[in-house]
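Please find one structure pasted underneath; my questions will follow.
We call the chains A, B, C and D, going by the order they appear; numbering starts again at 1 in every chain.
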């Protein structure tokens, strides 16, 4: 079956999740990946959205973080202060799934501004839950489209802490959780080097060259000793994802953004 | 004790120029009808507080009602930017907009602390990030037992909180159900509050002793405003009008299209 | 993920000598059956934590299971003193009992902070009173914005929390309803937890999306223990046995009467 | 109608409450007084118990602070942390109704120990909610049986702050709420002197002499310039109280303590 690079990215991200995970899910790419995992190999995965919905099983992807579908299919819905105090800060989440406008080699993310904070070129939405998701979850998976604009050598603003601007600040500042361990793009999958904490490419999606990855990365990207080829999406994965997207588009009365 | 008001009376009486106003709602139960009445009554110099400013705040900002925004995520969810907010921030139109920017965890804790009558909120947050460098309202305090550095921000204590809920009884007790966000906290943290509801009933008919209820004496004004959350939604009453959220992107991109739409649909429309 | 256990298996596996144990319940849903199993399995040197230690803790203390009590109100509600607790404090029988004493506000905040993963709780309390003079676990911290002095105490993080609830489903998700006290916080604050329930059902049949629920993965063991809160009560199942609370006053006044009663009704009784 | 001194005390306390009050109610004498007010002249009074029950209307008096009756008849029931954070500390209570084992002339209360804290003669139940009720409610009413043992010159332990050991500490320590304004016993009613903050007798219950009050007070008790006689319980008050007590005794399967 043919598939798009966006589909490859979502499928690769979904595969990283398991039945035992308790995921704090952001809207957009993370939400698609988490729900695809739930609809394929990880039916028992626990998905939590910051709107307060716990163990939710939406039939369609939410357009916003507080869609009615999330509450209707949840085990329980708690207040937002409780969500951030008891559930996120309480350390009950194994995986936080984030995206952003910019990421650097150490998995730090920017979703605040492009340009100077006080005179921004582009005013982005801001942190939302991301700042504390990045430090309170057991580990962080990042999913983002790869380009020189988004994979940058230096963030304009550090909204969510990865391993810090030099790769050591996270541990040095006493943050106990692992931080970013996995970054999945439409070109490849990267994992965090255990020593330097820098993201290293360990798997290229089918048909993607190292050169392409280099051209779309704002820093000098490293490759693992053995770079694998990501297995392409199988029929079950693609059908589940396309069904989900079709249901979502029908429910929202519009074509989904992806 | 909450009194029953019409929407125009409630806004006239409880919302003043220069107020710190929190109109809350986390995708769900966003108080559009009340916010539109604030626009119609031409309030100015408001400090708008909300975790997730979206279309309603875009409208208020675009109409020049606000001079400051306290927030943690500003966007049209699943669609894109808030063009009116961006133009106010990036180009000062129609008036400059000052930002007091936080993370969700910070604001959720600050509402909680406000409801709890505390001067500030303590939480584990902001470590290693840039927001504390640009926002002087973020400080750090050591736990006196472990020495761990915790973040602290001032609690949110709005002059007036405005929310929408499912129903109220004739005494003014209010039921909120579904995604309850920080609405209860916003009302309890505020000096005054307006709650618009889908319906006013004889008996709330609570199905659980632990339902989310605002007792009458914690609310200043209860207003019957059926459909008052549209194009947002009300659990048990109507669904979100997602098509409108997409449509807003086009309406709001251009100043004139925006002003025309507001004129036709808000300022000249009946409350 | 919560696993289903028998009561004796759950206590054998999750409660160890020397543990900090919180068996919570605010008049309602006091986990008597589980507490009695702890007595039968002869746990020792426990630090017992509870806002309102009553008959169950009197029994544990009188049987010598505890060396320390963390509490904010100790009594037989509406009846009088806890004679076994008083004898342990006043005369060291059967073993001396150390006290770590707080107010309700302090303990409620400390459970909340424990559930929230914080090292300590901040609240407005203890001003002008004598408890801070006798309890070194009470400190004061200034709000970094207003300078107001707030009380701080360490959060409660029990080794194991034990509570009783109405029901669980087969995945181990738990519903608590009615007077919910600090039970949810106690479980979320603890490293391990045992939840006894009136019944295990296929579907919790929640009547409200905002019901008080402990999801399966937050609980270590779920145990079917119908009547497990008696002589306390379970909202929707059975009423409080007030007569027994009065009777306890006589049973517990005298060491021997107490020991005989415990022998006949707990240690030699089947779980 | 004949009546007991305990009945006079409860009736006098009930009369101090109005429809507009939001009362934080302790078990025992306060609970009887607050519910008597609700069943007579103040049907709209809002009663809150620290177990989390808001605007409760029990048909019988609770034996314990968390009786099922309180939840069954409440508008809503919240968790105990919420009760102490949003409702009590949040400043939403107009009147806290307290009792204790000892009270001094400035309305400070002891419910912790008689004797030394570490080697007590009598170990009392402890603070419960009282410590923060005393400082967070708009004002405090105290109801206690009067005797030299309970109305003392010097508390063995200060559990709940009145106006402080010298009458000035409350204000000096920045507590903004009024503190104790009214003390009702089985002999008389006292109010707090606006200047010295000392409790002053303003009304003697029928048949009680000044001498009797002096004999049952551990400090040199002052009397107001015009001491009134408390109006005796009327028929409606007595019937409501006795009905309440009878229902309570029947419900609890025992004779009520009072």
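Rule of thumb we're sticking to: contacts are C-beta pairs under 8 Å (C-beta built on N, C-alpha and C of every residue); 3 or more make two chains touch, one makes a residue touch a chain.
Everything numeric here is computed off the predicted structure, so don't read it as measured data.
Shared contact partners of chain A and chain C, listed by label, are B. Once the centre of each chain is set as its mean CA position, chain A and chain B turn out to be 28 Å apart. Centre-to-centre, using mean CA coordinates, chain A is 57 Å away from chain D. Chain B and chain C have Cα centroids separated by 39 Å.
Residue positions of chain D touching 2 or more other chains, listed in rising order: 71, 77, 85, 89, 136.
Residue positions of chain C touching 2 or more other chains: 112, 116-118, 123-124, 148, 178, 180, 185, 209-212, 235. In terms of inter-chain touching, the protein chains here follow a pattern that is not a line, ring, star or complete graph.
Applying the touch definition to every pair of chains gives A-B, A-C, B-C, B-D, C-D.
For chain A in complex with chain B, the residues that touch the partner chain are 27-28, 50-53, 62-68, 70-71, 77, 79-81, 83-85, 88-89, 112, 117-118, 120, 123, 125-132, 135-136, 157-161, 164, 169-170, 173-175, 251-254, 257.
Here chain B touches chain C in the complex through residues 116-120, 122-124, 137, 139, 141, 143-146, 148, 150, 152, 154, 177-178, 180, 207-212, 235, going by the rule given at the top. Interface residues of chain B, counted against chain D in their complex, comprise 1, 112, 115-118, 173, 185, 188, 206, 209-213, 215, 217-218. Against chain C, the residues of chain A that register as touching in their complex are 20, 22, 46, 54-55, 71-72, 74-78, 85-86, 89-92, 136. Of all the residues in chain C, the ones that touch chain D in their complex are 26-28, 51-52, 71-75, 77-79, 81, 85-86, 89-90, 101-106, 108-109, 111-112, 123-131, 134, 148-149, 178-182, 184-185, 212, 233, 235, 239-240, 242-243, 245-246.
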